[in-house]
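Have a look at the structure below before the remarks.
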Amino acid sequence: MADLLWPGDERAGDLFSDGALLKAMVDVERAWLAALVSAGVAPSSADAHLDSLVTSDLLERLAREAESGGNPAMALVSWLRGALEDTCPETARWLHRGLTSQDVVDSALMLCARDATTQLRAALVDQIDCLARLVETHSATPMVARTLTQHAVPTTFGLKAAGWLTGVLDAYDDVAALVLPVQAGGAAGTMAGAVELASALPEPLEVVHRMTQDFTARLGLAPSIPWPTSRAAITRLADATVRCTDAWGRIANDVLTLSRPEIGELSEGTGGGSSTMPHKANPVLSTLVRRAALTTPQLAATLHLAAAEAADERSAGPWHAEWATLRTLLRRAVVAGDQTRELLSGLRVHTDRMLHTLAAAREDVHAEQRSLADLTGSAPRRSYVGASAMFVEATLARATGVLAGTVSATARAEESR
Amino acid sequence: MADLLWPGDERAGDLFSDGALLKAMVDVERAWLAALVSAGVAPSSADAHLDSLVTSDLLERLAREAESGGNPAMALVSWLRGALEDTCPETARWLHRGLTSQDVVDSALMLCARDATTQLRAALVDQIDCLARLVETHSATPMVARTLTQHAVPTTFGLKAAGWLTGVLDAYDDVAALVLPVQAGGAAGTMAGAVELASALPEPLEVVHRMTQDFTARLGLAPSIPWPTSRAAITRLADATVRCTDAWGRIANDVLTLSRPEIGELSEGTGGGSSTMPHKANPVLSTLVRRAALTTPQLAATLHLAAAEAADERSAGPWHAEWATLRTLLRRAVVAGDQTRELLSGLRVHTDRMLHTLAAAREDVHAEQRSLADLTGSAPRRSYVGASAMFVEATLARATGVLAGTVSATARAEESR
Amino acid sequence: MADLLWPGDERAGDLFSDGALLKAMVDVERAWLAALVSAGVAPSSADAHLDSLVTSDLLERLAREAESGGNPAMALVSWLRGALEDTCPETARWLHRGLTSQDVVDSALMLCARDATTQLRAALVDQIDCLARLVETHSATPMVARTLTQHAVPTTFGLKAAGWLTGVLDAYDDVAALVLPVQAGGAAGTMAGAVELASALPEPLEVVHRMTQDFTARLGLAPSIPWPTSRAAITRLADATVRCTDAWGRIANDVLTLSRPEIGELSEGTGGGSSTMPHKANPVLSTLVRRAALTTPQLAATLHLAAAEAADERSAGPWHAEWATLRTLLRRAVVAGDQTRELLSGLRVHTDRMLHTLAAAREDVHAEQRSLADLTGSAPRRSYVGASAMFVEATLARATGVLAGTVSATARAEESR
Amino acid sequence: MADLLWPGDERAGDLFSDGALLKAMVDVERAWLAALVSAGVAPSSADAHLDSLVTSDLLERLAREAESGGNPAMALVSWLRGALEDTCPETARWLHRGLTSQDVVDSALMLCARDATTQLRAALVDQIDCLARLVETHSATPMVARTLTQHAVPTTFGLKAAGWLTGVLDAYDDVAALVLPVQAGGAAGTMAGAVELASALPEPLEVVHRMTQDFTARLGLAPSIPWPTSRAAITRLADATVRCTDAWGRIANDVLTLSRPEIGELSEGTGGGSSTMPHKANPVLSTLVRRAALTTPQLAATLHLAAAEAADERSAGPWHAEWATLRTLLRRAVVAGDQTRELLSGLRVHTDRMLHTLAAAREDVHAEQRSLADLTGSAPRRSYVGASAMFVEATLARATGVLAGTVSATARAEESR
């Protein structure tokens, strides 16, 4: 996938593409079929691999047919049954029995979301690794702190970068805590169909319980009671994702400001060019990351609205609004995460400019310090960066905690040398 | 185009697709080239058709290359120059001279927006036509009015449909008033490049003025001074578009409520089925239209934010956030417009159920009337629908005004019989 | 009114305050009463001034009672009837007859909105006046244009300010075009109550029509058929208001950037201080204006959602969500409009810094010009600001058009000297 | 506090009112003063109670003065110093030393937020308690499940209410996990001022560390390194709050639908009246709860945008946009939480109507079951509610877990009898 109107989109690869979604839906149907067979509800002749049935020209067709049923699962089931009818009649008969289209769509969305959050976590870990180095390197690099755009007091670039790192660590905590639940509720979240199917066996409720566990395990999702109109899993996913773009957007904003030519304290590793001005080195990565951060909060708001308006046992409209919104939100976050990784790993820190700005502002940025002199009576501390080192250390300790439990791509690359 | 996660998406056809955007960008470059030649600024050997250069495999490549420059125009220009270098060296030399990538992207977006608004207007006119008939037919069809979900007083279905029509007419007025401006400002909105190029001719400013008029006319856009960070054209477009989905969403919500089986006063022409429940006839079109209406306001909010944060002479992020947001907004509106057209033309009105509900609620819905009796002393008017007919008439007059100036697709179809 | 958490809020005075809303609701009831009497529907003894009944301790009481009915009009009507019962029994009997609470709330909101838009227009006109002077003064003041935060080509501060002016003119056009309609529909928009009341007279529909015209004229609102669930009047008001904050936010962003100490090309007339750093002169007005612009688009999105979900003949929730949202939106806009007026009138332009930056960037900002040299063969134009003067002139002409039709506060102040 | 335009607002009492915020800011200044004294940095003569200085007429004055500094803390500090100068000169000298206005505002916001989350938790626990009873009572009450507005299959009202309970439990988990951090960073988050003040003592960094712990403990907030532009604490608070209104909005939507007269399966304990229609019993609480849920997601989006745009060491605009947005969000949630508590405790369940609807739809709602018959060969299970009881039990177990750790107001009331 690529997108002329969202440069960098291809960084998200196949994530949530129609193809990925279709594959995920087929995986869901297959896992359910296997669970039916494994539980003894369906005959073993009903089990079958379904992947080979799916061809690329199917996508366009299903997309078109998705409209009449209102979702893509119905068209898929009907097509699969047709394709299986002659060669695997038992599979055709048992396919999708006990499920409803919402089970297929929601579980498939969760499978795609898992790929997305895996990529988000990887990007966050790499950023944590990279930022931790940056913070360490510059823990004593003096620069001016700016508040309301004006020079305030001295700080260190290490502390500024530690602030960035804090945002990334906060986002990591939220993404790492996400739970992506399976959806298996049947027509209205009661599992009535599945229980009916199991009713020839002893203890049908127990059979259905085990079957759902089996289904969940096959998909690698988290167990859950049905959640057709309880959408916290979606909104938590959305909120954690926006927390990522919040953290990255804030970094991008800082880089954009500090790479203004009049300031020049930071610059991107490789700036973007101009179609007409040969001299320009635009902070393109920061620009594109900030772009994402300006759009994602409103996408999450849509998902919250869909959750709040999720009436009945399946909502008419709110549920349908979630799918593409979630895709756009997660793709944009994955793209921005990768761009931020590249931005950070290539970031150039111009310590000379930092020093120069601070020196030029010396009178102003020590005004507060002078105003405290009459209170203390002691000689002013030279650097006036207070407890910066202490805060830097605390932030690095958090980073170490995360990195100890994971291995970043950078570390992996180094190890493999 | 089709989209598994936005069923019905193919109704918007090629609108704002990468292919459409690419074609529009090439049209912009070509129009500018022609204007340069026509003004005598560039030699006539510089003019060339560019369409044939564009092949479908170009899309993926440009999308990938768009990232390093931050927008798709730069990659296109560089590719076109390369492709022209040998065969049309003068074209390669003069291509894009005096323009900047924002000119190309913004003008191309406006060209795509024109296609979108043309489709929106057509859908609105057809809906006005269809609704006007519905209003006329049912101007005296009694039904109960509902406020805060409860039975209030009698009304007519004609008046309810006139309310829908009012929303559609309001949206039509806003869409019809839209102005889609050309963007031609050069590197920073000063046209310095163009003036420089024209400086060999007498009165270069006058030459550039005429050249811009020529360029604008070739594209069929509205003349405008450069607007790189004055984004009212975008936000007006967005607001008018959301006004469309507001009007349609409100209709969809009414249909969803009134087609509940317990109410049964309306139903969609052909309901959608269920993957597991054979009896179901779901109000799928209403569901999908409401879906769109729940998402578009937040997309317009993003475009307003982009306008408010549009700093400098080209913004770093806000501008970039507009493109895909505008595409999604307009495609969803075009899809919803077409679905609403189909919904309205197939809508089934169950006047018997309306009568039945009203009769059953007779005691309640005339309570207000009884409470007024002591004030008037006159016998209560039977129908108690007040000035409904007067309001219906006023609404139909507005519809007639619009339809007189246009010819709806339905009318065209009838004429061609 | 004042608000610790929205500094500057008192600039909006009493606008949309509970007191203002109460007064507006009483005005609506009074106007309707007068129209009933004037039409001969109610006896002349029913007419009465109601203002004197309203005391300040009523507010808290009505606010508390508003909840049980779901809106403030019901509590007011019930209170007024009680207060009138003994002294003006006919007034008590006829009060509110034929209206519904939505008529009272919506019409009162429109009255408050009129005060808001009057203030918005006044602020916009003053800004246009002030910006036109700024543009004229600096039409030839050279400065560097910045794109994606980097130096691009030369421009003039006049052209930059003309861009600001364009935004303000666009907003003015939208605000000036607003229509604020009366709401008079009775229980469900049919006017059945009013017609019933008029049914003792000949031609009751005609009577009601005249009565509504009278009511509308007394309130000074625009005539309209009832619009209980057709909410374009609200969303247009919201969109035009956000267009104002968009325009002001963009100015504020530019001032924030250009008043950074490293750039120093602009500064606010009087900067804000710091609680701890004596030297600081913060760009507080720009900060507070930008604050508003970051919040209003989402408020307008809420109003669009309310419009799209406005089902039945009165919606259960969406309507209720509009009131406070509209108040916050309009108060914030009025505050930001006044702050922008002050910001612009006090703005200090440091032409020396502009020149200095441009000179220092000379090599870079003429790179494009040099790259065009081989095409033209003619000597480069010194200033390289292209058609800036032409665009400035066109913008000033628009401003003159607006100012010719209005008299700005500045002009009034000058005249009165 | 009360609000004509947000009926029910007084349920949030003084929460985040100007008075509450002022008190919180004074508490912050006092806690810091006490910490300075306790650490031996300031003389013990500097300590003083400040509460008595604060009079009600101060609010208006501070609100007005807040604008020039851009925030309310600066005006407060300056006023307090003036008020203390003569009587407590040492307090006046030491007040606020080492803090910055953002420390005061942010910490005060967190204190107000603590009051809000305490109320949210209490409301959630009461709802959990109430819903658990409802679920238990109706675990076997049959009703029809509805998907896309149409009858689907049978379910139980217990399972529907268990779905509501799940939403409330999810929200509870998120609110209970919130951490509200202290802000103490000085001018730019380095604590340079505090360290300077402590520099006359041995180990000044250690002194500042203990002083901050003391300050934090006095306020009862969570320890944190400074977070002037790391705003996850704010966005997490916002997201958890919206998750509350999501859960309540979804309940409200269900009640609104099921209390339509044609359905009549639920009704509010006491419906709201009408200003003109004596018979009406409107679902007012549901209406007002849904109202809140339609507005909060956009407020949270604003807080995320503020987080993403939080540049420099204190942002110019984004930070300022947070305060009132947070207040509105939290007040609305507290009001809606209390309304939902009342809604649930008074909810009337019409099991006869549920049975009647289900019986009338019998043919349809067992269609799926019949279609499964050929697969199983066994006799259909009578109820066809599948594993509903199992899901009900799992949900009740979650509720019990929460209730075991808390004591709900209902339980407290019962105990005290």
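Read from first to last, the chains carry the letters A, B, C and D; within each, the first residue is number 1.
Simple rule for what comes next: a contact is a pair of C-beta atoms (placed from the backbone, for glycine too) under 8 Å apart; a residue touches a chain by one contact, two chains touch by 3 or more.
Bear in mind that the values here come from a model prediction, so they are computed numbers and not experimental data.
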Message = Once the contact rule is applied, which chains count as partners of both subunit A and subunit D?
response = B, C
Query = More C-beta contacts across B-C or across B-D?
reply = B-C
Query = Which chain's mean C-alpha position is the greatest distance from subunit C's?
reply = A
Task = Report the inter-chain centroid distance for subunit C and subunit D in whole angstrom, where each centroid is the mean of the CA atoms.
result = 31
Ask   = What is the distance in Å between the mean C-alpha positions of subunit B and subunit D?
value = 38
Key: Whole-Å gap separating subunit B and subunit C, where each centre is the average of the chain's CA atoms   = 25
Query = In subunit D, what residues contact two or more other chains?
reply = 70, 146-149, 152-153, 186-187, 193, 256-257, 272, 274, 276-277, 282-284, 287, 290, 293-294, 298, 301-302, 305, 309, 316, 368
Remark   = Given the complex, residues on subunit A that touch subunit B span 2-10, 16, 18, 21-22, 59-60, 62-64, 66-74, 77-78, 96, 99-101, 104, 186-187, 193, 252, 256, 270, 272-277, 282-284, 286-295, 298-299, 301-302, 305-306, 309, 316-318, 320-321, 323-325, 327-328
Query = For subunit B, which residues count as touching subunit D in their complex?
reply = 146-153, 256-257, 259-263, 272, 274, 276-284, 287, 298, 301, 305, 309, 357, 361, 363-364, 367-368, 371
Request  = Using the touch rule from the top, collect the residues of subunit A that touch subunit D in their complex.
outcome  = 70, 93-94, 97-98, 145-149, 152-155, 159-160, 163, 166-167, 170-171, 174, 186-197, 199-200, 205, 208-209, 225-232, 235-236, 239, 242-243, 245-247, 249-250, 253-254, 256-257, 290, 293-294, 296-298, 300-302, 304-305, 307-316, 368-369, 372, 375-378, 380-381, 384-388, 390-391, 394-395
